[in-house]
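Across the two complexes that follow, subunit A remains constant while its partner is subunit B and subsequently subunit C.
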Partner chain A sequence: MSVLRLIGRATLLHVKQLSRSQFEIATALFVPLVQATLAVYLFRAGTEPHRLLEAAVGAGMMAVWSSVLFGSGGAIQNQRWQGTLEMLMLAPRPPALLVFPITLATAVTGTYAMIATLLWGGLVYRIPLDVADPLAFAVSVPAAILGLGMFGLLLASTFVLLPNANAINNTLEYPIWLVSGMLVPITVLPGWTGPVGAVLPTTWASRAVRESVTGSGPVWPSLGVCLALSLGCLVAGALVMSYVERRARANATLALA
Partner chain B sequence: MRLLAVGGVIAYRALFNWTTPSMFVGTLLVGPLFQLLFFAYLGRQLGVADDSFYIVGNAVLAASTACVFGGTMAVSNERRFGTLGHVLLSPRPRTLVFLGRAIPYAGNGLLIAAFSLVVGSALLGLRVPLAAVPGLAVTLAVGALSCAFFGLTLGALGLRFRDVWLVSNVSVSLLLLLTGVNVPADHLPGWMRVVGGGLPITHSAEAARRLVDGDGFGAALPSLSKEAAVGAAYAVTAALLLKVFEAESRRRASLDTL
Partner chain C sequence: MALAIEARDLRRTYRTRTGWLNPRRLELDAVRGVDLDVRRGELFGLLGPNGAGKTTTIKMLNTLLIPTSGSARVCGFDVVSQTREVRRRIGYVFGGDRGLYDRLSALDNLRYFAELYGVPAARQKRRIGELLELVGLTGRERERVEGYSRGMRQRLHIARGLLHEPEVLFLDEPSIGVDPVAARELRNTVAGLAATGTTVLLTTHYMAEAEELCDRIAVIAGGEIQALGTPDELKHHAEGRRVLEVQAFGVSDAQLARIDGLPGVREASVDVVGTAQLVTVQSDATVDVQADVLRLLDGVRLGRVTARQPTLEDAYVAIVGRSPVGAAA
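Moving on, here comes the complex of A and B:
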């Protein structure tokens, strides 16, 4: 219970902190609107104008991934720049429990984008919010966000080991959008991308949300796979985080590594 | 000319002392290539346009990340690293100093655009006519230069506003939408086409598509001239803004305010 309380309170703290940044908020709100507009015009121009809601939801999921990628990828580095990394690591809790709320907060702030794209689609482009399974949608969006937050911990802990993590961060946005089928169906991609997409929580998260919107398939199995993969990422991320912390303490490089 | 060229090259080298080859490859080569693939597959699936439309358009657009952010960094990073005062104390014309910064970024953009075009074509099977290559090189160069001056205009705002990165991020995403690189212009509303006409990349993407279609340089020339005019307009705007904001920041003693 105290673990859940810690995660809840710390996530709220980091969401509040992220929400004070004009840059974060404006980026989380405006850039996804541009992407959603682009998606709407592309779908209208193409052969599938009836899939506009799917396009808006896909653009929202893309924005959640961008938020997790850039927020979680730089989570440790940001704490270092703020001078709070040492205090976090001194806390009498496993480091993964202290970093996970940060990555979860980046996913939660990504929901601003999801809400913004749906409102934008409804108000500006008159896209009716005809969700096939509203209950599944209401469950799958927060669950997908939780899953991406767990995936974020693996990113945060792995990237701290890599000297050029920023370069990877900047590279991973489009490939994950692509292989996860957030806007482009996986079926049109080369066959070898299938297995890559299948092991990513992002693929199952966007699939679950899309299925809840379109009713094209059972939501719960996709959501289950998403959460199972994400849990695996959480465990792997926690192990890597503990290793990184021990190494940084032993080498006295916490503020430098 | 010496001030323009040497100043620009030194500033460019200084920037790459801060960053690394992996950052260059990851952010400026691999990132735009995946962007090209993303839109090519999306366009293919939606049946909006053929692969050639997306490969050529996104290759021209690939220069924008380097040029827009480079141009922005050319001014705003001086402020961030506390060297803006030293630059402005220089007895040489600041307009030339800053306009010179755009040239290496444009060269960088040209390299990235050419890389994206070559690799994108190889991956998706587009055959570019050999006769079109010289014209394409000119087109990509003009597009990159125009984009760099656009970036410098945004960078000039960095003398006045603190969070110029927000403007750059939003501008780069707007280029995706408004330049007609990913959505054919005739599917965009009239006002978006008008705004897009005043942005870099729009006309050079059009010129590049004509060249790849084998229409010849003559057919591409009107669009290329428009792109050059857009670039020149941004160069003048950047010079004016730099002058105005420098004077204002001296008056308000806000030169190094972060």
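Moving on, here comes the complex of A and C:
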């Protein structure tokens, strides 16, 4: 109970800290305009207006993913630059519990871009916002965010171990959009991407959200798989995080030397 | 169990790499075998020149660094294998203005860390209020930290370090950037904490602060403890010496070197005090160097000349000057 309270509070404060960065906000509001435009032109060819909404939601999921990838991938480095990493690690808590709220916060702030995408789509391109299953939509979006936040912990902990984390970060953004079926349906992708996509929580998150928008399938199984995979990432991330913390104390890399 | 901190032969080597095209490994022995026993409720000072290994020692004791060898216990718990137990019981405040969430208010920063330290929800509000009052930030707590002055940030750090009422408090140059009045309040606060049973390990470069506060002091240089004792005991290190202070305007390095070379002179240094310089000459008590010093300063405009008994600062200078590093410098 107190752990949930800690996660809730800490996430809220990190969302606050992130949301007050003008750069982040500007990015979250304007990148979606580009993405909504892309989505519309990619799918204009199709005649049903529903495809447009589906594309806009997919673009929104891409925004959440980008936020998690860059925010979580660089989470530990960011805390180190702020000088807060030492103060965090000094708290009598497992290191994963200190970092998870940060990665969850990056997923939450990713929704600004999702909302902006839907708004731009509605305002500029008159995409009708008629969601097939509003209840499932209202549940699957937060659940998808929670899942991506858990996935973020694994990213945060493994990326600090990689010497070229930034380069890897940049190369992961588009492939995962594609493989997870955020941009185009998985069915049009080459067969070998299937297994890759199937183990990524991002695939199941965007599938669940899409299903709730289009009513094309049952939402709950996808959501269940998404959360199960995410939970796996959370556990793996927590293990790696404990290793990272110990290594950082041995190598004196908690502080900015 | 009367010891709050016990360290046995603590050592820490930093391995770094320099160069990019042709990387070279460097090893630096920052702490070389430190033994410390700090009693519960004691206010213990760690003094030493820049790079002496004070921060490194503190970070080994507060679990941020794993010692290369040796062992340490805080409140009876091992700092390497029982980190959670140690962390629950300690507070850490370092000098400088980093380490806070700048875009959050002071209140949010404190709430966050109160939560991290598991301060019960029912108590948080009162505790935060008390601490804001203690560090004089009441009324400004809803402003974002990015708009705070350096001293205000420092005070917020101190409040944060005290949130969970730690048994042992590590203060690494806590008075940096704090104005004189606030520094005095800080000293009162620290003295008050020690009086109520909190163990404090303090580093500072202000001798007066150390002398006023500390029950015992260790002088560390070159990663080794050079002297340890009460402020009065440490002053014995300057025993048999006398100190001559000359206020001057425009003393050259060459003149200082010549003074240092006088027979009977142990230590000669010059500090800038306001617009003037203060030449401090420590000599053997049996030798009166005043006439010689004044002769070497011929041509320099001089102010007041005073001879006095050694202070803690003189003892510190003597100890550090005698140590291998000090002698090499």
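What we mean here is this: the second predicted complex is superposed on the first by the 249 of 257 C-alpha atoms of A that agree within 3 Å, B and C clash if a C-alpha of one lies under 4 Å from a C-alpha of the other, contacts with A are read in each partner's own complex, and residues count from 1 in each chain.
The working rule: a contact is a pair of C-beta atoms (placed from the backbone, for glycine too) under 8 Å apart; a residue touches a chain by one contact, two chains touch by 3 or more.
These figures come from a predicted structure and were not determined experimentally.
Taken together through their common subunit A, the two structures put subunit B and subunit C side by side without a clash. With chain A used for the fit, subunit A forms the apex of an angle whose arms reach the C-alpha centres of subunit B and subunit C; rounded to a multiple of 10, it measures 90°. In the superposed pair of complexes, A:22 makes contact with subunit B only, with no contact to subunit C.
In the superposed model, A:31 makes contact with subunit B only, not with subunit C. Within the superposed three-chain model, A:83 lies in touch with subunit C and out of touch with subunit B [touch as defined at top]. Once chain A of one complex is fitted onto chain A of the other, the partner contacts of A:252 are limited to subunit C, with no touch recorded for subunit B. In the superposition on chain A, A:41 makes contact with subunit B only, while subunit C stays out of contact range. Residue contacts after overlaying the shared chain place A:243 against neither subunit B nor subunit C.
In the composite built from the two structures, the nearest CA pair linking subunit B and subunit C is 8 Å apart. In the superposition on chain A, no residue of subunit A contacts both subunit B and subunit C. Taken together, the subunit B residues at the contact with subunit A in this complex read 20, 22-23, 25-27, 30-31, 34-35, 37-38, 41-48, 163, 165-166, 169-170, 173-174, 176-177, 182-184, 187-188. Against subunit C, the residues of subunit A that register as touching in their complex are 2, 5-6, 9-10, 13, 16-17, 20-21, 82-84, 86-93, 98, 246, 249-252, 254-255, 257. Contact residues of subunit A toward subunit B in the complex are 22-23, 26-27, 30-31, 34-35, 37-38, 41-48, 164, 166-168, 170-171, 173-175, 177-178, 183-185, 188-189.
Within the complex formed with subunit A, the subunit C residues making contact are 14-16, 62-66, 84-85, 87-88, 90, 92, 96, 98-104, 108, 111-113, 115-118, 121, 144, 160.
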